[in-house]
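What follows is a single structure, and I will ask about it in a moment.
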């Protein structure tokens, strides 16, 4: 059962980060120009070369709110005439007990470099400090001619940790919203609300493919991608494998699962064995048919396509995360006359699968496969919830597009303000 | 029991990871879970190697057709494993001259490095290069102007194919500057940036939501099929 | 040319006489007598002779010799006798078969198709994925008492293991044939040719008469039913018939092999479909079963809905469809409990006939449901082949159609042929037409006809000997054209226009008008009349040329005429009982169904 | 004609393979012998990469991640060469990392090819450093966000990063103003964007060179999350020509060495392959329509 | 045609009833010609071939079927028990051997080298055939069974469910028009054949099953009650194998309908005698109707009856039952047989006849809608 432990990480990694971040960034950013660099420094009237740049006029340090703690933002005001300076050096010191230290100031100890920032910037976020500890900061301007005098904060600053990371609020809300939609419909389905799912030909064709293999006396090849269990696509692929192997068990057809990760092999064995058990053919289960080949991408491909040419499986399934090997596998399968069903969320590989396979589960269809195949109301409900979330995303996109277009047409007026507001709400 | 325990491990670890993104107090827990995964994955490698050995040994034992290849596989596997772990031929590390066995496994002169450079690199490059051939045969078979969608795809393919080579420059380079947008190379960039981007974003949004819903199903214990179908 | 044809049914033997007059074949007389297969007669030829004797009496020709045989004439000049005698048979419950294949949806289905197409009743289909455990399959094989077994499985060069496995289940199960005793069970193997030797060994034991024919599915992409069907016919004659009383004699009489009745019906429909280049659906609704035939795109399919019928199985129709579904076609007020008991009484006394109008209305309502259910079964069986590799191109990216879709397409359907008691003996032709329309929901332009006296079986055999004669008689005497159904595909909106129509006879407008959604109208267009009908559907409604596109087609008149049906497809009836009853009554009035 | 079509319909794919081999080998031989390459007009995405690197002042640290392996080396090595070439010429502090196990060797090869050969004055550990491979995919990126040293505690040669001059002032990944990734799949450019760029709040810019297959998937991020993009060998060639031309004044007399022309040289075979594909598609369609017409004739 | 051939049901006070009692497969006959038998006497018995259990041994060992033979530990003809090792694999270099264990007990019948399947034949199962009616053996069909003959009161019903049974004949209720209600059944009727009057009500059936009545005989039954008893809606009238613990038999049909007076009185006359009842009904080719036979002793009636469907000739004065609405269930006699077909209310044309009902009313009905009553 080692296998099962791992899957969890996968999920959370993706659910918390990857996907939703992708969503927020790709869909909502309609336009955006980088804020022009600040710090237009007036030239020295005489144009004289200065030996060393002047020190910053003032410096302050404050805790950054809504974060994990240990982060302090240091800002300073540059003096005029720092054209020759190239960067700022920011240093920190712990707060020492009275009487200690090198005597540079009350309670200030040895200074540690914490950041170097371009001269154009006037602040630095210092992180990885011990939370709830206090520090002094100082800043020095550096030019090829030398360094300026230091400017030190008057009082120590403390980076407190907060309960919640504020910057991630929009993301958090988005997750909550999507989750709420999904959960609502799961519950609705449990209460018996009828849910209609569109037929997915690729999944209906599973029996066709397995039947073909049975009639032709050949095996079924199932490739669950080349990624490990921490990839949600692999998990989705294994849910399909569960179903395919159950059909294979019913038809009494041989199934082969080469994997490129040991963990996937273990998980696949669990899934296939459970299916054979459920189909009442536990005796026909052969663990050696699910085997680890190699982690090396093209080594794996070489094995699988070689195996295909020799054994000529009548049905090939590619369900998971694929890269360059997608076309090699699918074309080889096509040449040996197999029914091929592919599913991946790797959009770059979809065209290859579509061109060479009989059926392709495109992106979200692949993700929905497990729910579709189970036919359980709970799971179908979650699909409906997902659709509603999609509708909300679409509405926001349309809103953004309308506002951005409006703002472009009428730069003065409510539109740009509204657009800014929307951007603000959605974060970035 | 057999299903309940893993399911709860999944649910707890999943929520820890989710929360660690937003709540600093759980951050280190999240990292721990991530590390556990790496450890488990590393241990699982032993299982993989075991499977590889068992399958191939069985083949040799039975003298199955092509058992010679199984023998070659096992021999190569063993050699690579030994020279890699044993760091055979690795020169002493200059950094830590006093510590034996401290050189890099693939440092110059090592057998492992030699295998890498003269076996692995050419073989994998060859496999990758095969793509060109497969693309060609797939294009010959699948690109049929069967309906309107196919015709659109076909013409786009032509533009991009030409636009990404010098042929594009040759064919449409004569276009005056005011019509430079119609030059194949610019057209192909335009297609990639506008049409491709729009389509891809749509797919990405769908996938993202699908991933969220799938994750949620697993986190809520609604979908247990990753442990095998049936109850 | 004078042809005598008989069909030995399970209760009656029907004889017809076909004569060539002035170069044209016509059916002239018909006779009927009880079938005499069972005790006390136990000789089928007696019934045949009796029915032919009736022909003899009616026609005035001497057809039966004193020894009870049919007289053949030496030349066309002879006054007595006939030139050709042919027969079909479904006596003794017809040909009952068990079929087996590897995958239920593939070779097992092909085997079923072959058996059904040859006119058999398929008692059970054994497949490796029929969700039964091997010992349950064995149990089932032991219970059945088939006349014949057809085993298929594996493509040529494909699976041998599973097909042999199935053979190895059948062999020790030793199914006993219906006609016990010394009879060897005929077994046809039409599977992987590489498995032949082993199969021969498996069935080398006593009790089996194995014959081997070409694979039904040489590859999954191709179905080759011909050899298996022919062998079924041969075995039917050699083994099954040879054991039925009197058939040995009958076989020597006939000029063409005796065919199972449904097989002959299938043959004639295929001949018609091929000859006229059309798609045909034929139905024969009986007391116990409903046979459905279709030819779409040249592919013939037959299904037998074993428990959908109008007497023995009437209770089953009501149970399967649900009383509500039956009663939705009834415009009169009826008591449900009373009806349920009546249905059961009909089941236990199957020969009774409706005496009152109310009883007739109810029976015809049941028949609509029986036909509808049988058609659904037929549609799901008459499919394209499954397990076929799809050659995709980029154009298919968004329309990945599944294999195994139904061949039956109501829009492409050109001709519906009705036969069987409740359809052929309905007091009014309008009733037959409406039953067919309600049950089949034809789309676009569809011709409706009925088999006047159920002579399709006779013509089926005749087609194998003299196709021209069969065709001519079929067109002139067998088929009674009822008329045409004109109905758009798509949802209509009640009270809004659905389509306009204009019927012209050589430029003279016979009728024109507009149909409102939910309306039905009958345009009388008599037998022998030919006209051009133009229909212009509203947006969203399809008459065959695409949504909203007008269609003009030639129509032939018939006993009923042209039925214009603007109820939309799929057909939806109002949900409220009162509204629905009013609606149904309106339609019945419009078509003069129960005048 | 009809014979030609029958041949087309039943064309063995091995003939196609042969044609492909010829159309690729021809230009390779031609360019190999003559040394002539096709001219390139850089597209905006390639120009953006060049511009982003050029905008950095000398001594600025840049993080260069080699997320590929020798299999995709054919497509990506020329990019890696040019990118390092420009960075070295610009005098940037190069911090090399790899998230693919076979990346470090590729880094070493590139260092050898470019820095050791043409910029011998750059010192290892000061001007550039190879931190090697770290396993863990996205989790490495996440760790980098908070603590760079935790993600890469030692260099490939086993030196603790705290002692490496080149890493002075680097605490978190956002201390690098520019991130350069060379990506062949997972983990790669997409993950960098999702985990690092979007979490950095716009502090880090990123440019990437990726395989042709990935390119369409990355366009959606350009130009907001992704500041420059080199797509496949075409992108590499464009960028290469930009780098070469900008560095030309230094050694205008000498011919550009072949290693800096790899991408442009490969555009020849690419042209051959693309033209063949177009021809194949056209031929395939001729066969398709011929067959369809004959079918129509047969049925009518 | 003044006469017509019409089906009917046999209801006769005395007939010589012959019944064939046959084994499904050949076996031993336990009685000889002339033996007197009771309903329970076993007249023939045999053993059915044991069940077949296929076991995929090659699959269990993951070897090719062709390689199975040398690995087999048991041979054809060996007796095996559940859990016995059938075969053992060679393993990898002699290690990691696996065994295939039998999941069935019996005799190993065959080993297939094509499929790797081993067939185990289970023990034979005994089958016995009883006499069903008390009477005398008049014929022995070697290895197959016997013919039992008895003189009996014989009544054919129209429809029944449940199989063969026998018991003492008893009557519940007072007249043929009285519905069989719950209160009509008492504990003394356990194991008896109970005759009711008109419709058997749901309550009556329930009580009869509780008490353990062997069979219920009434005029009619409601469709809904039948469905409750069976647990499903009967689709096709092929019955006899239901396992409902009671045999139900109706003489007239479905709905509220009284038993024919004559039938009721005939049965009433023999209360207390042993009766045999078979509910099996089959309305298709080879018609079977449910039946009640009450053996009456030796005296012969002369007429011999062997079961099956009966039919007779319609003539003026023939007693008939109208079997279709609107006059369903009414009895009468044929009063006229018009030659020409008449147009019915439904609009169809059919041959008809005129029936003089018991009430004196005369009605015209299609000939198909009557059946003969009486002998």
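A, B, C, D and E are the chain letters, set down in written order, and residue numbers restart from 1 in every chain.
In this section, a contact is a pair of C-beta atoms (placed from the backbone, for glycine too) under 8 Å apart; a residue touches a chain by one contact, two chains touch by 3 or more.
From a predicted model like this one, the values you see are computed outputs, not experimental measurements.
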Hey, how far apart are subunit B and subunit E in touch steps, shortest way? 1
Which two chains are joined by the greatest number of C-beta pairs in contact? A-B
Just how far, in Å, is the C-alpha centre of subunit E from the one of subunit D? 84
Chain centres from averaged Cα atoms put subunit A and subunit B apart, in whole Å, by 15
Between subunit E and subunit A, distance of the C-alpha-averaged centres to the nearest whole Å: 71
Using mean C-alpha positions as chain centres, tell me how far subunit A is from subunit C in Å, no decimals. 60
Set of subunit D residues in contact with two or more other chains: 13, 69, 71-72, 139, 142, 215-217, 220
Residue numbers in subunit C touching two or more further chains are 160-162, 392-394, 396-397
Identify all positions of subunit B at which a residue touches two or more other chains, and write them in rising order. 34, 54, 58, 120, 124, 127-128, 135, 137, 139, 141-146, 154, 200-201, 204
Pairs of chains satisfying the touch condition: A-B, A-C, A-D, A-E, B-C, B-D, B-E, C-E
What part of subunit C is in contact with subunit E in the complex they form? 10, 92-93, 134-135, 138-139, 160-162, 164-165, 168-169, 172-174, 195, 198, 288, 307, 312-313, 315-316, 318-320, 337-338, 340-357, 359-360, 425-428, 594
Considering the complex alone, what residue numbers of subunit C touch subunit A? 102-103, 105-107, 128-129, 131, 133, 153-155, 158-162, 192, 217, 220, 386-390, 392-394, 396-397, 400-404
Could you pull out which subunit E residues touch subunit B in their complex? 90-93
In their shared complex, subunit D is touched by residues of subunit A numbered 13, 17-18, 21-22, 24-26, 29, 32, 34, 68, 86, 113-116, 118, 127-128, 167, 227, 230-231, 297-298, 321, 323-324, 335, 346-349, 428
Okay, in this complex, where on subunit A does subunit C touch? 201-202, 204-205, 207-209, 211-212, 214-218, 250-252, 280, 337-339, 354-360
